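Given below, in the form of structure tokens, are the structures.
Okay, so subunit A shows up in both of these, paired with subunit B first and subunit C after.
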Partner chain A sequence: MPALGADMEAGTLVEWLVKPGDRVKRGDIVAVVETQKGAIEIEIFNEGIVSELVVPIGAKVPVGSLIARIGDTGVAPPAVLQAAKPAPSAPISSPPKRIVPPQPAVIAPVGAMKISPAARRRAAELHIDATTLRGTGVDGAVTVADVEAAAAAVAIAAAPSPRKAFDPAEMRKAIAAAMGRSKREIPHYYLTHPIDLSLALSWLERFNAAQPVSSRLLPAVLLLKAAALALREVPQLNGTYADGVFQAGAGIHVGWAISLRGGGLVAPAILDTDQRSLPELMSQMRDLVQRARAGGLRSSELASPTVTVTSLGDRGAETVMGIIYPPQVALIGFGMIGARPWVVENRVEPRPAVTVSLAADHRASDGHIGALLLSAIERLLQEPEKL
Partner chain B sequence: MSDTIDKSMICEILGSIAPEADFSTLGGSEDLREALDLDSMDFLNFVIALHERTGIDIPEVDYPKLRTLDGAVLYLSARQG
Partner chain C sequence: MSTLITYREACRQALRDALLSDPKTFLMGEDIGRYGGCYAVTKGLFDEFGEERVRDTPLSESAYVGAGIGAAMVGMRPIVEIMTVNFSLLALDQIVNNAATIPHMSGGQFAVPLVIRISTGGGRRVAAQHSHSLEGWYAHIPGLRILAPAVLEDARYMLAAALKDPNPVLIFEHVMLYNNEGEIDPQVTSVDIEHAKVRRAGTDVSVIAYGNGLIKALAAAEALAAEGISAEIIDLRVLRPLDTPTLLASVAKTRRCVIVDEGWKSGSLAAEIGMRIAEEAFFDLDAPLRRVCGREVPMPYAAHLEDAALPQPADIVAAARDLVRPA
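Let's look at the complex of A and B:
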């Protein structure tokens, strides 16, 4: 069971998307796990053949538990293993299959099966193969109750597993755990800096004027890209801190804070944010928002952020002072974009502006480093065509 | 592509973006972003859906005209005519 963020202690396996014998490669989605942040698709990081699914559907297991075994060879798994798993390998949209759950008892030969006539009729009605059932009647005879119990089990096993979005109460607990830990352990320092956005927004207006509605960019994309590029220059703020040591991130994977309707927050990673074009980032953001709300985020997106960026958009508050998501060392926050009085050549004029803030871990960096980051973001936003 | 432009069509689109919203209490001149707590991404999705349903091209400078129910009906009807 992978840890999908600092606040996760356990997960419930709700769906297997592979079965023993399946060949998997790095990045394949093998299972769906229910967490406090909703249903998360679990990706695999090995290549090989699935040899055993250790955790059954419905089981809640702690982070770090073995959930499946992957072998290197193409040897077919033992038959008993196949029989033991009602693996729903079919696409979610396919009609539910009627699978009789395996029974631990030895199956009696068909000819010797004891079953009451009523039970036999009921089995036919319910499309249950009575020969697979273990009877609880006299001399082990299969009764109507046995058949109906089996039918109920089939219905549960075959029901399409609903992808739950998220439970606001559970989400609140997850946020409480992570933020409580952050405030206990991380000595935050904060910096803020106002940035003139007139060049960035007029560039954006021209760009969007030439695009169909669905390809237009939000100002947040420029802010995100500028933050990612600035982190290239100030790598001390991109990474994680654990056991007294700062570890620089292997790439710049910005966790993009998404507010969920109904309350809650999740910040899945946009991998290699600094290397993506603005349209790519825009479509990634849209995709993440949709999947965050519907319950389809992937394990790599939750486990890999090296820094968090939040943007309040065109409504909200002027400045946001973030709380670092451990074990990251920085959170960059953009307040509401709006017209502000700006001094230009000794005159005051209204300019569209944004206040960028930095919350950073003083164990990993000092305010001087933080100031370098904010001034780099400001400089990058004055040349929007290069973003 | 060219559905009838009226409040119910617009509320249907908004309902897919803000499923918990109660449209019976939504006033025609209320700012949709405030009333339904739409963020920038929600509002963009609203504009994209309006475009897809009506086929009307909506330039970015006109977005402010879509911020209320009445405004949206008026704007889209005029653009369609």
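Let's look at the complex of A and C:
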């Protein structure tokens, strides 16, 4: 059971998307796990053949438990499924050792099971185990109709269990646990800085004028990209802190804070945020919001953020003073974009502006580093065409 | 405009057409001339065409079939009639050792464009020496083409196609078909002698039959439809060479198959058909193959026993029902 964030202790397996004998490769979604953050799709990071599903559907098991085995392409001994690479410092208990004694081959009594040739073929096509069916054919043989009826029953049984998006009460508990831990453990320091967005917004207006409505960018994308690029310059704020040690992130995977209808929030990662174009980031943000609300986030998205960015957008507050999501070391917040009095060449004039804030872990960095990040963000936003 | 004709009349029109269209064609057989034929198929042709072209023969199947082979080898187009398939055994040597082999053994120097019409089958209360269905035996022999017209159209037009074949063709006319009456589509003026035909489309079970078995299978399909079972009825038409693709296509669709054959089950043509399906459509089958064949007895004389010995529509219904809706 992968850890989908530091606050996750256990998960309930709600759906297997593979079965023994299936070949899997890195990135395949193999299961769905119900967590406090809703239903999460679990990806696999190994290649091989599923040899055993250990945890049945409906079982709740602690993080680190063995949930399935995969083997190499053939006879190699099964390996433990590494369902997702956990956040580097997330506590992972070592999977319990489980010795599976060799199974004696089961030999069906000769003639006990009658399955018509066509039914056998159809069963293979529909992934139905025909030996478990009751036959209605000649001499009680399993027929194509029996197989198709069984497949239809499976489909009906599978259909009415739509994944639950999330339970607000459970989500609240998860947030409480994570934020409580953050405030108990992390000595935050806060910096804020107002940034003139007139250049960025006028560039954006020109860019959007040439785009169809569906491809237009929101200002938040510029802020996200600027933050990600600034983190390249200030890597001390991108990573995790645990057991007295800061570990820099292997890439810049910004967790994008998404508030959910009905309360709660989740901050799934946009992998390699700094390397993506603005249109790519826009479509990824849309996709994440949609899946976060519908319950289709993937394990890698929850386990991999190296920093969090939150943008309150037009919802209202001028400045965010965020709480770091452990074990990350920084949270970058953007307040509401709005017209502010701005001093330009000794005159005061209205300019669209945003206040960027940084909440950072003082164990891992100092205020000077934080200031570098904010000024880098400001500089990057003055050259929007380079974002 | 079309009028009702009988199967017998369709056969007669085919013979008359053949005599009119090709001076090399002549008829030969026992009682086919002055008497008009044992089943009255040739009635009137003697008067119209004379004794040169409608020839009564001595009661020696071996002699006149052999004469037919000789005539065919030298360029004539003889149509020989054998009164019943049981009697054809007297000509077996001529048919199997000569007609079927001469084109091969002469290295292609001699063709044998001979047509032999043979009546076959039971149901007329003429007992064990006049009622058997031995066409399956002939279907065993390479070098022969074996036809079994069941419908009027085939009775009317298979002969012309057979006469065009440079090799010997045997046409088996089931004795119970002669009085069948119907209309022939005036648009149809020829038929092929290569393919089996779906006479009634269906989805649940394929019934393969020929000759009078086809008529019984069609009756069975009607009864099965009333039970909600959709039977596909295939008229085999050509017993050799078998049109296997048509059979396989039907079985691939219905996944079940009943084979109707008035011949005895052991070593029957039905056995050959079933085996081909088992070999080539095994993975399409959703039920065992079934055969409805003649009982393995010499044909009884008594009516109720003869009926019991022959495949009947009720037997076909029962076999098909058992495959589609086993009890």
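A few points about this structure:
Keep this in mind: the second predicted complex is superposed on the first by the 300 of 387 C-alpha atoms of A that agree within 3 Å, B and C clash if a C-alpha of one lies under 4 Å from a C-alpha of the other, contacts with A are read in each partner's own complex, and residues count from 1 in each chain.
One rule holds in what follows: a residue touches a chain if its C-beta (ideal position, glycine included) is under 8 Å from a C-beta of that chain, and two chains touch if they have at least 3 such contacts.
From a predicted model like this one, the values you see are computed outputs, not experimental measurements.
In the superposed model, A:Ala119 makes contact with subunit C only, not with subunit B. In the superposition on chain A, A:Gly137 makes contact with subunit C only, not with subunit B. Contacts of A:Gly313 after superposition: subunit B is touched, whereas subunit C is not reached. Comparing subunit B with subunit C, the partner in contact with more residues of subunit A is B. In the superposition on chain A, A:Ala359 makes contact with neither subunit B nor subunit C.
Look at A:Leu229: by the touch rule set out above, it reaches neither subunit B nor subunit C. In the three-chain superposition model, subunit A touches subunit B and subunit C at no common residue. Contacts from subunit C toward subunit A in the complex involve residues 255, 282-288, 322-323, 326.
Here subunit A touches subunit C in the complex through residues 116-121, 136-139, 141, 143-145, going by the rule given at the top. Considering their complex, residues 205, 208-209, 212-214, 216, 218-220, 259, 261-262, 285-286, 289, 313-315 of subunit A touch subunit B. Interface of subunit B with subunit A (complex): residues 18-20, 33-34, 37, 39-41, 44-45, 47-48, 51, 57-61.
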